[in-house]
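Look at the two complexes coming up: chain A is in both, with chain B in one and chain C in the other.
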Partner chain A sequence: MASVALTNLDPASRAAARGWSDLTIRNMFIIPTLVFLIVFNIFPLIYSLGYSFTNFAANRSEPWQFVGLQNYRELLSDGHIWSNFVITAKYVIVSVAGQMIVGFGLALLLNRSFPMKGLITTLLLLPMMMSAAVVGLFWQLLYSPSWGPINYVFGLGDFAWLSNPDSALYAVAITDIWMWSPFVMLLSLAGLSAVPQHLYEAAAIDRASWWYTFTRITLPLVSPILLIALIFRTMEAFKTFDIAYTMTTQPTAELIAIRLYKQAFQQWDTGKSCALAYIVLIMVLAITNLYVKYLNKVKER
Partner chain B sequence: MRKIVTSVIAGIGLALACGTSVRAQDKELTIFWAEWDPANYLQELVNDYTAETGVKVTVQTTPWPDFQTKAFTEFNAHGDAYDMVVGDSQWLGAGSTQGHYVDLTDFFNKHKLGDVMAPATIKYYAEYPGGSGKYWAIPLEGDAIGWSYRKDWFEDPKEKEAFKAKYGYDLDVPKTYAQLRDIAEFFHRPDQKRYGVAIYTDNSYDAMAMGVESAIFSYGGDLGDYATYKVDGITNSKEAVAGLEMYKELYKFTPPGWGKTFFVEDNQAITGGLAAMSMNFFAFFPPLVNKATNPYADVTGFFANPAGPDGKRFAALGGQGISVVSYSKNKDEAMKFLEWFIKDETQKKWAELGGYTCSQAVLKSEAFQNATPYNKAFYDTMFMVKDFWATPEYAEVLDQLNQNIYPFVVGGKGTAQEALDKTAADWKATFTKYNRYK
Partner chain C sequence: MAAVRTSSEVALNRVAIAAVLIATLVFLAPIYWIASTAFKPKELAVSVPPTVLFEPEVTPFVRLFTKRVQMQKTVDPQVYEAAPWWEKRIYDGGERVLKVGKDVQLSQYPNRFMNSLIVAVVSTVLAVGMGTFTAYGFSRFKIAGEADLLFFILSTRMLPPVVVAIPMFLMYRAVGLNDSHIGLIILYVAFNLSFSVWLMKGFMDEIPKEYEEAALVDGYTRMQAFFKIVLPEAATGIAATAVFCFITAWNEYAFALIMTNRRAQTAPPFIPSQIGSGLPDWTTIAAGTFLFLLPVAIFTFLLRNHLLRGVTFGAIRK
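Showing the complex of A and B:
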């Protein structure tokens, strides 16, 4: 494969003059990346897997012991952790579904020519360019029952979005939808503009209804790229920390990433948090795998 | 190309060499603290030390929510970024048993600090384990929970009359929690955008725990026996339950959306004209008497935490002692600094700058007590303080308390008894895990 892709060096080039072969140059590009990956990704990953079987605590100087699967057993039988997972699942479903609907809807609206299309598209992309912590703090103000504009506009009076245990999680999800719908919109727009125009023309000649055109032409052709958006957003939503952490401290909105942070950096229960991180990793991997399988199926069609 | 690479490497090398040599020549000390006004006052104070000795002292700060995480990350890495740290009282256990702090017992005895500083500050900011006579910090910033209130609302004759008619006694600064509750209820008028009381509810660190424990202590309850780690029947005693119920009762009269509040929000409740009374640590009171930051500065008063039904009166302790970090490379220099810091004139200057000195002599002086509208309340409070657990696993213990009481106070789920029963059970399990019951 490599020998096919690589062409021989031009003998007159400076690299050849130094006696470098094309293989040397290839290695010069690849090795730094590999070293970086190994040092900062793979090594910690394996190291933390080791820690997850110990009672190691980073803030204690006492020697740690190997405890086998105890951390995993304790975590999986802990009611608090399960409720964190249920909260996270609710959050992922609401926020990802919302983003797909709003994002795809916006893309459909934008997928035609109208004046100032470029400007409007750019403006719509702004939310996702902001830092999540900033978005969280701003929305905290927007939701404020004392001076927030949201309650004022909708006439909700003193409704406390973030202090009400039943609404806090959904308030965070709405913020996430606001922030990340543009991402889905962008991908969908790319998908939509790739649908061959002649298909629509043929459908028009056949007097196909709008709904028929949408379900038989648009949706099937865009679905692979929609699925990619879905994978990305699900993975990200599962790991959400910043927005939720800055907006509310409601236990009913304590996502698994927040629990993990508290366990690791407030309680310094390093071994157990490594185990929890692995449980989360395995869950995300499982969900992503399901999606990828489905994506491949969709692509085959 | 090779030339460029060589010169870049040489440049980096030179920069490193210069950097280290500069550090080695000039004596420098770094103190780590949270980002708040007292840290600015401390920087002002230590500038005097630099002028006297030529040793540059820098007060480095970080926002409160990160303070603990950042300090302990540095300790755990055995880093020497900080020579001294002004650590929370609850850190003493972890700091001392895990070797992060230098033992200051000899220093303490040599300077007879036991007679210089207020007793409560020594007990909670310096000594660990309790009663052991081993000291790990010098009390630096005394602090405790107190209250600010709207004098103009309290003194309005019409309000006074209406209050007397409704409750049968005169409207005045509350002496008991029951009165505090009545007054909060009386001033709670959501239709006028006026609310009764502002309390702490943030559960991401110790804010809510400090508010709740103030009520529990005044009601005669305790969080547990700090010496034996006994929690059953203490943490969930009927006094403690009554205290927690009172806190929940007060939550009813808070401004809307009062579910994640700490010192910023509680001060805003006064500066924004939202609430009649507001709980806060004394260290956060200076902006309330400043016209520039509080439009109601002239009509804001202060009082110490009220008593419970049996006349017991306590307040949650905040505040910090200064400790020498054992990984510091300038420990001797740091000890010299502490010798300067405990001098009477330094303590006096510290109080004048706005720091809450723990020096008994300064605290008792007329000049200190009349310096601000809240210093008298502070003086009263410093002799009736109690603190949270200071065991090395306090962060876990704090999180368990938060998890159990927050849903009750803010979410209205379950009962106070259930919340404290669960807390006692969780704490017992944690202490068992750390072999505290020998």
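Showing the complex of A and C:
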């Protein structure tokens, strides 16, 4: 790719005459990374695309057969898979909406000067830096129906958050909101601090109400960055595996990534799981595309 | 805020600060619960009502690091007296520490912790090393289709781990890289490389081109200018990028769960596997979790001024 790219570097320049030319250096710096990513990310995907058209099972030694589009046909007409997608959609909506509300709310509260602001902001950011799998595991104790502090504090008796089919998914979403609201808060704070102060001063002179100032000045100016937070969290929530996998085994909380993991590494239905992986991949890439588009938009400002 | 403040504005400010403090306590409560459970006597970890204040002890950490068995009869008083303090704590709990001759048998935890450390450190060095060079290339040279290449690089980061893991598992199995440090390191480099390129490009863009141009005029080669002028200027950025890559690799779960099971298993898949059947010993799990989370908590404070940049791949800075 890059090796055939045109360059406008002058090979006869004085700097280029000493040591390696800029062109050589550029290629030396960039090509290894591209090759590495192609070998370890793109090549495996091509490999699995091939398997997605077969009935290959990685735990058996029998020869596999080419089955054409059968895997895809079966997956798309499989009610079980659709219910996994519905569960995932519910999870994405609840947890991302929760994160946006809590995170932006926190940012509005934090957007003023007070003692130890830096320390408190950093403390609030701790959850998102931690391992979702390990923290998720520990939330099992927090949610425990017999001795969990959550039920004790809220007086919920022996409500079994994680083993109740109706609540398991939302219990995971609550933990996810706890982990990732700080992310939305961090981005919102950056957006809020970039709103020019003179706009607020002008609004104050005009005796504009708090609500008017908020909806006409704050929101419009912060919305690009909120949109980035929204798309990024949507993409991450869609891919969620670790936190849900370590917290609960309820089928009602079986997100699409967990379904994919089970199909590939517990049922060893390799060919079909490669096909499912591709369906998931296309959806993720569509969101990624959107994300990068808005990221570049904000960057240009 | 306007210079003149009305009394209602002052009151609103106070309410907001109080709300911030309450929210901080709520957000820290789960972390406090992990940390405190790690120092609790076993029975207090699962007490009703939950125990908040107690006399801390380090016995959970002794249990975390040793292999133990339940004792059938009480320990011989002479043996008990001769034992070091930490072994007595185990005897007090009705267990004894397993030994080979005089050597205490360690649990699997220290080994899993070391695996995490090896994999995270090596993959970070490689990802940041390669990423720094590549970022410089993208920052300083004209590249046809630059935006597309950068998108391609970022998109590799967004791939769902389980999707990539299926073919990688098959390929690793074919070449014998399953359950090896190298196999996991390669996956983490691939995962972190795109992040490191994007973040480092942001830092490189901030270093004025004039610095190197002056050096080139002074007779430096481009490589000398890169190593002697650009790299020192980028040191803070490199450090921040490295800490981010380290945390990502340290926390990673899906690849580690799929690719490792014994020799190279890291802490994130190991800690949940300890739960086993029956009543879990939450104090020991909390002790393992506490030690595992501690480095990340420290790094978060060191990184505090770069967090925004880090989570947006260098796109948004303060």
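As a convention for this text, the second predicted complex is superposed on the first by the 266 of 301 C-alpha atoms of A that agree within 3 Å, B and C clash if a C-alpha of one lies under 4 Å from a C-alpha of the other, contacts with A are read in each partner's own complex, and residues count from 1 in each chain.
FYI, contacts are C-beta pairs under 8 Å (C-beta built on N, C-alpha and C of every residue); 3 or more make two chains touch, one makes a residue touch a chain.
Note that the structure is a prediction, hence the values are computed from the model and not measured.
Participant: Mind working out whether A:Pro145 is in touch with chain B, chain C, both or neither, as first, second, both or neither?
Facilitator: A:Pro145 contacts chain B only, not chain C.
Participant: Just checking: does A:Pro165 make contact with chain B only, chain C only, both, or neither of them? Give me first, second, both or neither.
Facilitator: Touch partner of A:Pro165: chain B, not chain C.
Participant: So in the superposed three-chain picture, is A:Leu290 touching just chain B, just chain C, both, or none of them (first/second/both/neither)?
Facilitator: Touch status of A:Leu290: no partner.
Participant: When the two structures are overlaid on chain A, which partner does A:Ala132 contact: first (chain B), second (chain C), both, or neither?
Facilitator: second
Participant: Between chain B and chain C, which one contacts more residues of chain A in the superposed model?
Facilitator: Per-residue touch count on chain A favours C.
Participant: Applying the touch criterion given at the start, work out whether A:Gln267 contacts chain B, chain C, both or neither, answering first, second, both or neither.
Facilitator: First partner only.
Participant: Looking at A:Ala89 after the superposition, I want to know if it touches chain B, chain C, both of them or none. Which is it: first, second, both, neither?
Facilitator: In the superposition, A:Ala89 contacts neither chain B nor chain C.
Participant: Touch test for A:Pro251: chain B only (first), chain C only (second), both, or neither?
Facilitator: Once the two structures are laid over each other on A, A:Pro251 reaches chain B alone.
Participant: For A:Asn59 in the superposed arrangement: first (chain B), second (chain C), both or neither?
Facilitator: After superposition on chain A, A:Asn59 lies in contact with chain B alone.
Participant: Quick check on the superposed pair: does A:His80 touch chain B, chain C, both, or neither? Answer first, second, both or neither.
Facilitator: In the superposition, A:His80 contacts chain B only.
Participant: Enumerate the residues of chain A that count as touching chain B in its complex and touching chain C in the other.
Facilitator: In chain A, positions 58, 144, 146, 265 sit in both the chain B and chain C interfaces.
Participant: Where on chain A is chain C touching in the complex?
Facilitator: Where chain A meets chain C, its residues are 1-2, 5-9, 14-16, 18-20, 22, 25-26, 28-30, 32-34, 36-37, 40-42, 44-45, 47-48, 51, 58, 106, 108-110, 112, 114, 118, 120-135, 137-139, 141-142, 144, 146-149, 152, 178, 182-183, 186-187, 189-190, 193, 197, 200-201, 204-205, 225, 228, 235, 239, 241-242, 246, 257, 260-261, 264-265, 270, 273-274, 277-278, 280-281, 284-285, 287-289, 291-292, 295-296, 298-299.
Participant: If you look only at chain B, which of its residues touch chain A in the complex?
Facilitator: 68-69, 72-73, 75-76, 94, 98-99, 190, 193, 201-204, 255-260, 272, 274, 392-393, 395-396, 399, 403, 406-407, 410-413
Participant: Provide the residue numbers of chain C that touch chain A in the complex, in ascending order.
Facilitator: 1-2, 13, 16-17, 19-21, 23-24, 27-31, 33-34, 37, 45-50, 130-131, 133-134, 136-138, 141-145, 147, 149, 151-156, 158-171, 173, 186-187, 189-190, 193-194, 197, 216, 219, 221-224, 226, 247, 250-251, 253-254, 257-258, 267-269, 271-272, 275, 282, 285-286, 289, 292-293, 296-297, 299-301, 304, 307-308, 311-313, 315-316, 318
Participant: Would you mind writing out the residues of chain A in touch with chain B in their complex?
Facilitator: 58-61, 80, 143-146, 158-165, 168, 245, 248-252, 262, 265-269
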